[in-house]
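One structure, pasted below without further comment.
Order of writing sets the labels: A, B, C and D. Residues in every chain begin at 1.
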């Protein structure tokens, strides 16, 4: 029998001004993309605490998306820059924990880039699908 | 989840929008299973009144503690449902929305997947809302003033509406007049009424409206604050013409500077002082100043070069001379001997050759002499102060000149029997004829300056003390350099070795200089070359210059070196004298030189000479003139301990204030700076004079220390490096070869014609040449060339952005030959061509001036083109039809429209199209491929051919046309991204500003209090722009009339009891809204300043900072929920 | 009436916590007067059987230090939990996992391999690794099993109070004991230390600028910090902002940045990621390249951010046996 | 030995420069020498993967191209070619490689078999781009010893050098070569067909079409008053120079005009001799024309 295709569970933190609006635009323009991502709206990517990302991974997410305004376009000036700095610090950390960098993605998606949002979700879904499930809690138990 | 929660979940079908792909029943069932959920209902349209009623009902009857609505995007209806909760007495923030339409049912087609995702989203919302707590909203007042940015038709409309309703409006416009693109149009489609007739009245009203403050030539630099309370910085560029201007136009008549007219286009021109168009508002002239040109910048005395050059070009030689004499008493002399750095970075030089500026200066000066005119000295009321100037060289004389023109009584003390310093003792007459020098010194003296000759500084003459006793309030020392530097080699003191300065002085002052038969001049500066040429004139048979570097490094003026060579002076390079030897006769007869090579450049940038070991060369000579370097003679002065020397043996004086160690004594010129050129010495003298003036007015000299900011190189003029600017080499200075080797002057001056032609080569890269004759022409004295830019700080409640568009640059589509074929023109150019007050006075014509028999109008140039503008520019079809009509009407020519589709979308537009069809305009369905002059058949010879595929006939057509109009698309302005940044707007379609909602909020932006109007939001025709202008005004008025705005409580909060005062939140806040309280070692949020981004909450390492309605617990719960399924 | 009985026990521990008790110096005397120490392996002889013999609740309080990483530890802490009224997690290891917790960035096998086969100083020609059972001349010897994952005390048994610090400062030990003896106790589960971060009492906080940027991170291993200036502002990853105060700033005064032994503040879910979030506001860089470059200068983030709290981090351990390297 | 500051490039001649277009090769190499541009021939280079193969199996064609790219990767030098065909194909390979993950894997797979790998970091350049943009006006003018004063040149770019990849000039109306000729003292004429079709392979398959296409170019160049046509592509060169008699007969109009590579004109201005520039190989009256128009060196 053919074994069932792995459907990654993804969480996305979207800034309210650009990326969340962009995601809505994908909707109003009816651009189809995989249903794996559940979005969480924040005012600015600057609000995205790396703790949230880790929390999501621990609670069963196989991948995480952080999406905000393009550099220079941040509604609050520089929130996205701070997000990017946190992101890179976090990437180095996750690597040491044995979590592949590809599972957590930072993207700049403007309110006008519905298609881009769809593409990013598609890509992330595919990437994580190839990486396979994270199943953090189980794996930590196994190695315990 | 807190105990006792009664959560209500409401799932919307949104007609079939959601229900089609999401299994509502299943989701509802799932929702019931969620902890804390008391009620689950689904309804066709939750946003409808009955839908909301359901919620309100349950809140009351079921005593709901929290509400979740799963429907469309919160950006769409969050406010609606929050309102519903509030109506039913539930705090509006105990609500959470779940977006299962835009982000679920509309983007996923597989029903099962969409349903599963809907469950996750709802679970997330339920968990989150359980953590919500009641919040209060804060109200802040709204200011009554409004800012409108951009004064095209949209901005004008918005401004008038606001002003008429009694609000004060600041209308900011980048150009010198309001009116925008519409002001350039002739007729408007489809009604064909004249644009000016409908626009001008509105413009006039704006100009006169008591409630409108009009700021032209202005740009918004910074926007701070928030809705209702914006703080705006506006930078207004100087107009250089005051409000007193009546627009009479006298200034325009006299202005010598001609520039391309970028308003009228089609190669028409305007003056540097101009008015875009007759109906301009404000109806005042404006001067285009691009900045300080390099010729003026690099001139040590900052002569307003372009000022006099352009006056010369127009034959106003007296005016030119006046401009020069403002800063320079020696035009004729400098016109001969100046090393003219002004010519080094002339923009004309980038195109062909730099301007012969120096020679032009000489021309006007010489002409005055020719005509026997003499300049009028400026003699103001004496101010009763006396200043002594010691030394009558260029530095001293310039200092005296400046001070005398300020009303000081000046006495100059000169060591030698004649005035002029090195200009006389150093520069030989064949370069600077004595009558010229005498004349210009006389002009300085004519300012009431007293000259005492043969009066050196020292016992034999005057001393600092004696001068003070004689009642001089200040003393300016301009002692110059009179001593030559020694080589320090054996034989230097033999008979026949003479120092250059002494040699020249004897020759120039007393016309008797002992000169050998074979003379070697050592050195590479101007003095060396002068000495060599002088030696020839004093009977030397053979003169050589020995220089240790090469021709490249010679400091002397190139032309002089050439002249010397021409006269037979031998140049020996890379040789350095090491010994002077006597022959059998016991007299000097040989100079032994070390051969040199060039090493690495020194700090001065000149390559250092390095001896080549063991390689020597000898020259037969009987006289050596040493011209290495010069020193001031300060032996007497330094006996006074107040004066001391630098390590270069020059007099120590403050480089900014020229003060010496002794109070009231200032110093300038070569004695301070070391050897320099005439003009550099003059600059030094001027600097000292300025200091003396300040000093005698008891002012603080430190203001001289402020580094006067040096403006950088001006942007190149557009036409530089462009083929259409004809290349024209600079005029050559006539040389008087007849003179041969005599004391007669060698170089001659320009002829009148030569001068005017040469001057006309100036590109006036400064925009305005700063000749200032317009000031004389203006009897209202409305012109102020020194006017400075101003920065306005405005407080406004609302902002309307109406910055408009720009036509797509058709040069980016070279296949249509714009710029290569004269008769391919843009739509805007055609608008001006039709315009009665345009460059052709309304005549439709080819470049040759003939009325075209066939005209082609190419639609969609740039538009609907993936590699240019992907979108349809909306108006091009209609204005192209308008053009077609105008062409028929004016010329009766055959008109061919090449179109993709005709988009006649507006009221009366389709009818207009029909009308054109009836008028016999040809329509070819197919976008033009190219415009070519390459003939494929004899009958095509000499014609422009428009090539296109006729998609109705399915054939390629080649249509001849005498005039081709490119209907360019509408593009975002080049600076749109900067503007977007200033107003924190989003950009779509490569630069058009993003509205809040494409249908429901077309003039709002995501930033509350900022509105959009007109083409800056997207291509638009006039009616739509006007409508948006009104709509935006209405939006702004709503805010202002309400008088207050409610701030969403999503602000950051820092819990004191948990804050350790690490200050990292202070660093993370982009709005400076967090302040640190050192007393209590905690940080605090200033609510009014907080914009609610939450960056500090995320970044608080101890978790003491949090964001209302986006608390960690709430977001973490949402994460759990999203993953719980 | 009889003195309350007190037990001290150590699991995976360095002995520093025992030292801390001794460091009470004469301060220990009143305690010794007030209580009867029934178990203290480091100081008194004892028999497992005796402890097994205790009745539940017999002993008032057990102070357990060290992290839990073997079957033997597990047996002991369960035993003590059963017999003692209160259990206090004593010191960073019991509280957070501590230094031994860093073992969670690799695997047991790799540790044994390194320790018994690879280490420079090891001579082990037959490559013998520790065995659970061994026969040595007729005797069956047992070794407790070493766990792959190190745990903090409350991941194994229920804990009443936490006494943080590596090691807990004598002063706070004294107050803790006093509190227990006097019986006026804070709510169960409390950490017996202040709730604010170290910066509040840090002598250098006043000198700390409100705005600063870290161009690159520095390490005390390779450069000497200015004794006056704020470590973080100088580019040292000082965990003070993300760490409870109450330690008496012993490290700071020794010109050593805070390494976080007191653990996160009550509102911080994860000491490491929280600190990392804070760094985002003060590290340099705009473009991805710049940012990545600066980030790369923070050596061994895992070891730096979780030096004492890896088992307490959200992720708990690394699943890569290369976690120790970077 | 390469002196510091000297520019170094990997040079990819391509097949036609070893056969029909030797002149292009030698003129390029010699010009580079004079300009102090080090052009190291790519060792063991192979077919660029040329157009024909692309239409049969682009995957494999890409592997061919990628092998060349792989060879020059890691030398951190741009890969320079003078053949517009090679240029566009290598470019295409690079772009496809970056855009299409499947293809990338397939190519890398194939390369692996040969013990090679490609990471996609090589920059492909046309020599014209290098001359005009890397060296630039000042550098060129400094080396000019024989200004082409009075020589009127029709600069012909062909279709591939700026399309589809307008990397260094406008796609439809490039001007680099015109500027270069200006620096050399020559006068570029307004040649509007500068990127129109030279008929490419049609010359061999549909000759009548080919002759007309090429004929248009020749006659327009004459009409514009050019003394010669300057080309940047081996195939253009052949199509323009090899059929001038046929074309003249067919059109009943004299369509003869000298055609030479831009490198040959550049070389002439740099003082290189006819041999070094292999002007003798030309099928048109290049040498007489130059002799007539220019002062003897």
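The rule we apply is simple: a residue touches a chain if its C-beta (ideal position, glycine included) is under 8 Å from a C-beta of that chain, and two chains touch if they have at least 3 such contacts.
Just so it is clear, the structure is predicted and the values come from calculations on it, not from any experiment.
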In terms of CA centroids, furthest away from chain B sits chain C
Chain-centre distance (mean CA atoms) for chain A and chain D, in whole Å, is 47
Distance between the CA centroids of chain C and chain D (whole Å) is 70
CA centroids of chain A and chain C: separation to the nearest Å works out as 33
Expressed in whole Å, how far the mean CA point of chain A lies from that of chain B is 43
Shared-interface residues of chain C (touching two or more other chains) are 269, 274, 277, 280-281
Each of the following residues of chain A touches two or more other chains, namely 49, 51, 55, 82, 86
Residue numbers in chain B touching two or more further chains are 1068, 1095, 1098-1099, 1112, 1116
Contact graph of the chains (line, ring, star, complete, other): other
So, in the complex, the side of chain B touching chain A is made of residues 73-76, 99, 101-104, 106-110, 113-114, 116-117, 120-121, 124, 977, 980-981, 984, 986-989, 994, 998, 1006-1007, 1050, 1068, 1070-1071, 1091-1095, 1097-1099, 1107, 1110, 1112, 1115-1116, 1118-1120, 1122-1123
Interface with chain B, chain D side, in the complex: residues 170-173, 190, 192-193, 216, 220
The residues of chain C that touch chain B in their complex are 195-200, 205-206, 208-212, 240-242, 245, 264-269, 274-275, 277-278, 280-282
Within the complex, chain A is touched by chain C residues 105, 107, 147-149, 269-270, 272-274, 276-277, 279-281, 283, 285-288, 291-292, 294-296, 298, 300-302, 305, 314-320, 322-323, 326
Chain A residues touching chain C in their complex are 49-51, 53-55, 57-58, 71, 81-86, 88-93, 95-99, 136, 139-140, 143-144
